[in-house]
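So that we are looking at the same thing, I have put the structure below in structure tokens.
Labels run A, B and C following the written order; every chain starts at residue 1.
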Amino acid sequence: MNEQTSPESRNSKRDFLKYVLGGGLLAWFASVAYPIVEYLKPPQQGEVEVSSVKVGPLNAIEKDSGTIIRFGNKPVILIRTAAGELRAFSATCTHLDCTVQYRKDMGVIWCACHNGRYDLNGRNVAGPPPRPLDEFRVVVQGADVFLSKNI
Amino acid sequence: MSTLWKKTYDWIDERVHLGDLVEFMGKKYVPVHRGSVWYYFGGVSLFLFIIQVLTGILLLLYYKGSEGLAFESIQFIMSKVAFGWLVRSIHSWSANLFILAAVVHMFSVFFEKSYRSPREITWLTGMLMLFLGLGFGFSGYLLPWNELAFFATKVGTDIAGVVPIVGKPIMVFLRGGEDVTGATLTRFYGFHVAVLPGIFTVLLGIHLLLVQRQGMSEPLDVEKAGAAERKTMPFFPNFLLRDLLFWLLILNLLAILAVFFPWELGKKADAFASAPAGIQPEWYFLFMFETLKLFPAKVWFLDGEVLGVMLFGVAAILWLLVPFWDRKSARGEKNRAINYVGLAAVLYIIIFSILGWFM
Amino acid sequence: MKKPSWISVAGLIVGWCMVVFNARAGDQCATCHGTLGDKPSSLFRKDIHHLKGVTCSGCHGGDATSDEMERAMDPKAGFIGVPKGDAVSVACATCHSNADKMKAWHSHLPTGQLELLQASVHGKLSTTGKEHIAQCTTCHGAHGIVSVKNPASPVYPLNVVATCAGCHSNAVYMRSYNPSLSVDQQEKYRTSIHGMRNAKGDAKAAACASCHGSHGILSSTDVKSAVYPAKLPGTCSKCHSDAEYMKGYGIPTDQYDKFAKSVHGIALLQKKDLGAPACNKCHGNHGATPPGVESVSKVCGTCHALNADLFSASPHKKAFDERKLPECETCHGNHEIVTATNTLIGVTPEAVCSKCHSEGEFPEGYRVAATMRGLIDSLETNEARAKSLVGDAEQKGMEVGEAKFKLRDVHQARLEARTMVHSFNEGKFRDVVGKGLAVAVLVGQEGQRAIDEYVFRRIGLGIATLIITVVAIALWLFIRRLERQQQLERTTT
């Protein structure tokens, strides 16, 4: 019982416990505060928007060009024809899943892996691809271009 | 260090006269008896509610409440935000634990008949908070806008629409339209972070104020025994420290659950897809869901479902008003019947929840 | 044996005359028309029907026993005159589609020809709309019909080409039915081995009917046609896999078996992928000849364009042609082309490079081959590692969508590298592989990061639990001590 221990040892016990408790509480507080502080810092990357993707201003997209844009986890090729029309297709080749590209010199969408070709309407016209490319919707809102799934 | 505390205290005391309050707090005692352990559950519910508010505030810094972005924003929180996975999983787990704790708290009060005079208002506010808690759960469940939540909300609001006369307008009000759409999501978000918290806070304030004013209720036999027989402990610091200890352990439990059983996200909701097999509401609605399934299609002239919903409504109202029809407890007499009713209710809920889980 | 008596001899002679003259006597039409000296009856003398005892009325109807014109050519006796259009084939079919009649004439010929003909392309209505395009007589002739095996028959292998070409090489005629169908088959055929042998009198060599069939000829786009791409190898192998038949020609007979095991064979024959080549794609249709040594890469290059272009620009083109090595076939085989794996390249004994390259012979190529193998192996190893790390992280429940997206680039680099091998240029190869390697390494790092995060969470939890446990125990002790103190104060007051 307490009354049997000497005052000094009781005091030191008291102090020790207080230190452990105080130190522990401090550590606990830090272990709660640290995640919260880190959480509040905005992460590097922006949002992952998958139903529609903003590509950027229309005047930044050259005529007679094609760019690959990330749509969620899939690549999409955005074509702007020489006449200025915007078209977008899935950039996954229907043959063996390579990523296609726009070839200005050939005037087609071309797949580097096995020389597959698609016309500018996404239809497979030469080489091994068995199916056309899926189409995506391009919408111009104000000065910006948006891609969305074709429903 | 302690002089700084004292100086701060004195400065505030000069302006607010804390003296009375401190004296009052110092006199608070908690009865110590066989059923004392149940006293903790009110505090646990409060603690879990505070956790919900804190994690909820953190979540709404990154969550986007519209159809096109909700799912992805939660994906973002789970994968890109530092400790986002932790905040979200704690919020989801704590929601469930809160309801569990609140139900345990409610039943412990019920069995001890602590709802009797003078604590009727405490009981009423508590029951209303429990209903609001279920509302929190229902509205929050939709916010990730995933497949399961979408269909669960459809079914749930359909059931609300079954109530005669007022059902349809209520359903349209809840859904923000005829069907469950992005409008529903926005509306539920508003309910979840503004409307429900506002009402809940008011009720909580009343509830806590009353507990402070009236002190802890004691079981009838303890009450009858003399003051000399009563064992108590001071609220400050004893009960509070024990409370804090319990809360600390629960916090650890939440962290363990978040790491080893992270909350799923599933597939994004698609209004045009067919409902996946085995759609179920959250566990706290399962017993009602399962009961409704067992009602025959038509009873008399009524739809089986309508009858079921009405019966639940009546049962809820009766339960809510127990302080007023339990005359025996009001008189200070033992009432075995209440125990039987309570036991039946507990068994019914447990059995039908299990049935609902496995069917 | 007893010497035959003069009676038996006379009897034999009489009997013989009776048979011969009876036959003649039985066919009054032929007798009469023979004296008239018209073409049909003179042709009919050699006709197999006539030799078997079928009279003119067998096809034309009428009474062949009567020598009176009115009675013989009486419509009431069944005389139909010169049948026109479909009536011709109907006339032939009265016997040739009737199994009982054929048996009565002791013939073992099949009886489904007209049915097949009517289901075939030639069974379509002609431009007049009044009859089908081809009748039996179109190919077999009308009055001098002989067996298919008879060199005089227009459908004897040595003659059938000219018979078919009668219509099929006539551009004006063919234009009225199918303007896009070519009319140079015969010309091409004559440049082929089959055509050249056929011209020299080899009836065993394939002619039109050998591949296209005779009566049931269908368009090559019809899945039931013997020359439908998926069925064509089977048609060719009817002769080319028959060792007995092919004896003396000096070419192997295992091509079909080898082809069936190849990627092309499996794709075409099993998966019915018409993108895969049948025999005609590489050997030609009518001008069927195996490609020459220098043109192998051009032939393969009609589909494998990138590989062929790279090869043609590479040092191997000149080297192979000089040594009369059949370009693509040297490394990949011709009929039994299987999926190229990494073992094909390099300096190990299984690699084809080792056939010419060693440290002593063509050492530069030896070095490049070894380097290329090393590079592509390392790309595959890194890709596998990255995939496994990402897969592991995903299994553990970590979010790795972006890393998986980047893996596509590695997959692409691997495919492009396998094509770039054909340049046999170390620099270009290194570039392609390098891109893939960089991404693979990056993805591997991301996968590892995800796994590390998973571990970090558990360690973090462990530390937090430790702290909380310490605090909880300390708090508990503190409470106990406090309560003991309070109890003490209570008992002492």
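Convention: a residue touches a chain if its C-beta (ideal position, glycine included) is under 8 Å from a C-beta of that chain, and two chains touch if they have at least 3 such contacts.
On a predicted model such as this, the values are computed, not experimentally measured, just so you know.
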item: Required minimum of steps from chain A to chain B, each step between chains that touch; value: 1
item: Which of B-C and A-C has more C-beta pairs touching across its chains; value: A-C
item: Farthest chain (mean CA position) relative to chain B; value: C
item: Chain centre separation (chain A, chain B; CA means) in Å; value: 37
item: Between chain C and chain B, distance of the C-alpha-averaged centres to the nearest whole Å; value: 72
item: Geometric centre distance via CA averages, chain C-chain A, whole Å; value: 46
item: Overlap residues in chain C, where contacts from two or more other chains coincide; value: 401, 464, 468, 471, 475, 478
item: Numbers and ranges of chain B residues touching at least 2 other chains; value: 75, 86, 248
item: Of all residues in chain A, the ones touching two or more other chains; value: 28
item: Residues of chain B defined as touching chain C within the complex; value: 75, 78-79, 85-86, 233-234, 237-238, 241-242, 244-245, 248-249, 251-252, 255-256, 259, 262
item: Sites on chain B touched by chain A in the complex; value: 58, 61, 64, 68-69, 72-73, 75-76, 80-84, 86-87, 248, 268
item: Chain A partner contacts - residues on chain C that touch it in the complex; value: 275, 303-306, 401-402, 404-405, 408-409, 411-412, 415-416, 419, 463-464, 467-468, 470-471, 474-475, 477-478, 481, 484-485, 488
item: Residues of chain A that touch chain B when the two form their complex; value: 28, 35-36, 38-41, 43-45, 47-52
item: Residues of chain A that touch chain C when the two form their complex; value: 2-3, 14, 17-18, 20-21, 24-25, 27-28, 31, 70, 72-75, 92, 96-99, 112-115, 127-128, 130
